[in-house]
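My questions all concern the structure below.
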Amino acid sequence: MFNKVLIANRGEIAVRIIRACRELGLETVAVFSEADRNALHVRYADEAYLLGPAPSRESYLRADKILDIAKKSGANAIHPGYGFLAEREDFAAKCADLGITFIGPKPSSIAAMGDKGKARATVIKANVPVVPGTEAVGNMTDDDLLNIAPSIGFPLLIKATAGGGGKGMREVKSLEEMPTLLQSARREAESSFGDGNVYLEKLVEGARHIEFQIMADSQGNVIHLGERECSIQRRHQKLLEEAPSPFLDDELREKMGSVAVKSAQAVDYVNAGTIEFLVDKDRNFYFLEMNTRLQVEHPITEMVTGVDIVAEQIRIARGRQLSYTQEQIHFKGHAIECRVNAEDPFNGFMPSTGRITHSILPTGPGVRVDTGVYPGFEITPYYDPMIAKLIVWGETRAQAILRMRRALEEYRIVGVRTNIPFHQTLMDSHRFMGGQFDTRFVEERFSMDGSTEIKNSNAEIAAILATLVAHKQTERSAQIVRRNERDTSNWKWVGRWERMHR
Amino acid sequence: MFNKVLIANRGEIAVRIIRACRELGLETVAVFSEADRNALHVRYADEAYLLGPAPSRESYLRADKILDIAKKSGANAIHPGYGFLAEREDFAAKCADLGITFIGPKPSSIAAMGDKGKARATVIKANVPVVPGTEAVGNMTDDDLLNIAPSIGFPLLIKATAGGGGKGMREVKSLEEMPTLLQSARREAESSFGDGNVYLEKLVEGARHIEFQIMADSQGNVIHLGERECSIQRRHQKLLEEAPSPFLDDELREKMGSVAVKSAQAVDYVNAGTIEFLVDKDRNFYFLEMNTRLQVEHPITEMVTGVDIVAEQIRIARGRQLSYTQEQIHFKGHAIECRVNAEDPFNGFMPSTGRITHSILPTGPGVRVDTGVYPGFEITPYYDPMIAKLIVWGETRAQAILRMRRALEEYRIVGVRTNIPFHQTLMDSHRFMGGQFDTRFVEERFSMDGSTEIKNSNAEIAAILATLVAHKQTERSAQIVRRNERDTSNWKWVGRWERMHR
Amino acid sequence: MKYVTTIDGKEFEIEVVDDRHIRVGDRLVAVDFESVSGQPVYSLIFDGKSYESFVYQGEEDWEVLLRGRQFQVKVEDEREKRLRAAAGGGVAEGGEFHLKAPMPGLVVSLLVEEGQPVKKGQVLLILESMKMQNELKAPRDGMMGRIRVKAGESVEQKQALLSLH
Amino acid sequence: MKYVTTIDGKEFEIEVVDDRHIRVGDRLVAVDFESVSGQPVYSLIFDGKSYESFVYQGEEDWEVLLRGRQFQVKVEDEREKRLRAAAGGGVAEGGEFHLKAPMPGLVVSLLVEEGQPVKKGQVLLILESMKMQNELKAPRDGMMGRIRVKAGESVEQKQALLSLH
């Protein structure tokens, strides 16, 4: 049984995993790029080793170096977190070869679900409903895809087979625009995953994106921990998740949960995983894909079930049985997660980089913040812009929204722009409060302007604030000019000396 | 029903109450002293009014000014927090006179329990067991007390009748030393509470300090939310609390809980309150006193019961029924609170003041921090040294201890010394882990030195760290000297000019 | 000092009387204004109400982030205001536009050539940053001027990328 | 640069070879040492192990707070060490002791008078700070020297309160 875990990741998730290890009494090994020498995961781990330069390809994606460090440090397990090497079959297989426990599923399960095309084929065999789309598997050429597209019908989606997080995804409205979009999707997929393969899927309109957390042990027990509502997205990037979904009732939850379990069983799944579904207006649901790893938004499930998913992952990897049966999983209250990104919501969500000079975290009852940044830390352009996850729990959805609202109001981050104002505007949106949204909501029916009434009532205050700051600045620069005058007086005097004595 | 709440307090508890109000949709009014202009409670509240200079007597104890501000701002309720005006019958009565809801018990209950001597008499009538001591009520003279003392027996405790938090408390070993100690106890009581009255109580040896949280509504429903173990104290100041107590079983919990409820009923109690008990080695328990207010350590009860005590206080004050019956209160897991004080544990717990220049809060699953400070805030000598409460929850006591250990390790506060190392040493103590402690543990059987084995293994690292810092400093000052040499070169040149042309 | 402060075309006349008082229009009001922790975070107590805000200097105007809303605020003292009124207030519309890199990143591809006419909203260049492909678009119709970068080139924030006539 | 660093009487010979290497005794070891956020917080990666510590300059020695333990560390370069050895190393024991206020506060009462003999541990003065009455005691036996404060007086941190011969 392992006792030292290497965390092959960075940022908040590396910190999250270190916490779980420490609470289980396991030693931790961090790896880091040159940009991350002072990152929190390096500071919190028992050991830390440099991987290489900042770009991921030269650091966090260097499987060879990571395995060398595992050997050198004596780490006998690796937790991959999400992203980077988390869904790389070859990496999981190499760990096994070296006698290192990969804290995740078997390589074969990663392979079966990692290629999204293959995954569809696999679950179709297990009678799991899927979104209509390409069913052939493998390297389809542009010609193949252009031929098949009309039979699927428009609008449709081009998706990266190795994909995730909306990267390499394009929406296609007509056959005419498809060649260009295929090209750009492949380009993005190649640059994100080193694999330019894509497949097609019918675009389900008015759909919700709802996923189920499953946990499976090596004794063959598989349970689900309920769903997460992930429809609040922008450019296929999740921005906010909640559990439970306001759209599901107990009956549908049970039905989808058992399909999720069946999907996991279809690939002999072990450890934590997530089955993503699309749910249409009429409550038909379709398997989208399986994420064979820990999910960014796992904390909301932890908040409503009381299960520590990362600790449970580690226990499973140590060969233990699941700590819970399906009957022992109870849902209590409502949890919401806001992803705090270094992006300017008033400027097209443009990424923002720079040094965090000041920060105040919201705290208090029912609030959890998972973050890897702190005052003094530099946000670089090399990695994902997500700098924190703000998670709240409330007895009801309404209470959770009120709590999230006050937590967002309390949160201060200075030095980079963040999307906190986006989340604040969202919390004030009547459609969001009413649970009336689908995956297009943010892009199509949401505006950062919010209520003009509220805006007008604060305009005078904004005017006063700007005026006072501008006034302060004018006064200060006047003082600097005066001080400089004094400072240079000696030089003037030297000049006079020169002239006098020339 | 009120809609705007004035919070007559400062620091973490003012922030805690503002959060509860905001989550209930109530407007908040902060009050502040000159030292607290930039305090978090001022920044977070909807409105804020200056009370006066830093000393409490000129600010947070100015009931008259606070009531004026309530009128001016239209606040129709006041939450007193703990300390300051929280247990002042006259203040609660004045609120009622002005039609302002006092979020707490009736003035008569405060009076009945606020004078500790009267409280003993009241509960004795209700057949609640008390620690042997003075039963007469009122202003006992030193002579009265010296006469009674031998019949109680030594060692005994002198306690302030208006007291709380160990202020004005003295332990007396013999009649000879009693006059001096009476004098100093009265002096401290006078300065802390404006009331120099004291009473006597037998010192129960090997005792644990265990308290019960009760909640009562104005319809006459009274429930308890279980106990808190508060035996980890130093100079009668609580340092760490946990729930449940490792010393209690279900049977004793039920018995003490029903006595707690009976004690509250004896004074027609409404709102949140705490019954403090001493429990001796043989599990006999004695009523000590009732705190007729929100308690510092209320969050651990919130963590194990899921009840938001402050929100419930507000609901009760609005005339609502309790949200829970006794049967609906379930205890889940284990919670621990460490009080983080600005005190140097390596220097006799001397208070430490100064500006906080940097801070990183521990976060993640099961961790809550209630604090009123942030980087840039100045810790002044005017108020209580407690700057934060670190609270963790775990499925078991062992898990809570491991989680607290990792949270303490993560916590960074720079600018003032804190007692975090004390808590770290405590978490490593085998006696603490084994639940084997009483109220004397910290003072008599605990040392900050901890295991010498661990200390030795880190000594080399400490030596390296100090050497590298010293080396860096030497290098830096060398550079400054060199830079100054360059800077002054112009002046030398002027000197030369002068000499040349003289 | 008297200021004319403008938000969305609405003007506020604000006079800073002394450290503790301002006049808004005709009203004299007590203000308690502090910057927090030496950061561009400001706490304002105005009429008893407690506000906190981030105030940044933008390219031209001040940006005020208050309660989740952003305000573009122009602050001018009386003299500036008069000067601008005298100049006619017209800001040149048709001049040359210089596209600068809004963040550090990698130029993934250039979608236009020098001398080519472009339409408002047309994608000119793709910049990869933080693992996202960001499309930089033309702010108006025009003709491509000088292009200063090549595909595959890394650029710094604010580095000039290309011009539009 | 070579240093002799002492903790609890135990000496460590540490040579700073360059920015990335030190020699501890005979061992040459790679170190990665950084201060964090410009604070007296230091991150040290030594032999692969990651340590973080607060390092403060105390009155005489360095104070290192590491994993919940505090170490008093004396760092001397070789030259200082030799000078001290030559001087015999004896620090005067019996000299005058000046009691300074360890924190700002209010002198509640003075329990001694000038010229009075006092015993080690005897309470000399009560200082109220942060709502606590703090007893300041004699560090050794001696005779009271000059008393510089009165009861009821507010004092600053490090202000001289009284002397002990």
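For this structure, a couple of remarks:
As written, the chain order gives the labels A, B, C and D, with residue 1 at the start of each chain.
Here, a contact is a pair of C-beta atoms (placed from the backbone, for glycine too) under 8 Å apart; a residue touches a chain by one contact, two chains touch by 3 or more.
Everything numeric here is computed off the predicted structure, so don't read it as measured data.
Taking the mean of C-alpha positions as each chain's centre, the chain lying farthest from the centre of chain A is D. Two chain pairs, A-D and A-C, are compared here, and A-C has more C-beta pairs in contact (counted per touch definition above). One finds 47 Å separating the Cα centroids of chain A and chain D. For this pair, chain B with chain D, the centres built from the Cα atoms lie 30 Å apart. Here the CA centre of chain C is 52 Å from the CA centre of chain D.
For chain D, residues that reach two or more other chains under the stated contact definition are 37, 39.
Counting partner chains per residue, chain B shows two or more touched chains at residues 44, 358, 374-376, 409.
By the touch criterion given at the top, residues 15-16, 19-20, 22-25, 40, 44, 299, 302, 306, 308, 332, 358-361, 363-371, 374-376, 394-395, 399, 402-403, 405-406, 409-410, 490, 494, 497-498, 501 of chain A touch chain B in their complex. By the touch criterion given at the top, residues 30, 37-38, 42-50, 72-73, 374-377 of chain B touch chain C in their complex.
Looking at the complex, you find that chain D touches chain B at residues 1, 3, 5, 7-8, 10, 12, 14, 16, 22, 24, 31, 33, 35, 37, 39-42, 44, 46, 51, 53-55, 57, 62, 64-71, 73, 75, 77, 102-105, 108, 128-134, 157.
Looking at the complex, you find that chain B touches chain D at residues 167, 184, 187-188, 191-192, 342, 346-347, 350-353, 357-358, 381-385, 408-409, 412, 414, 420-421, 424-425, 428, 450, 454-455, 458-474. If you check the complex, the residues on chain D that touch chain A are 32, 34, 36-39, 43, 45, 48-50, 52.
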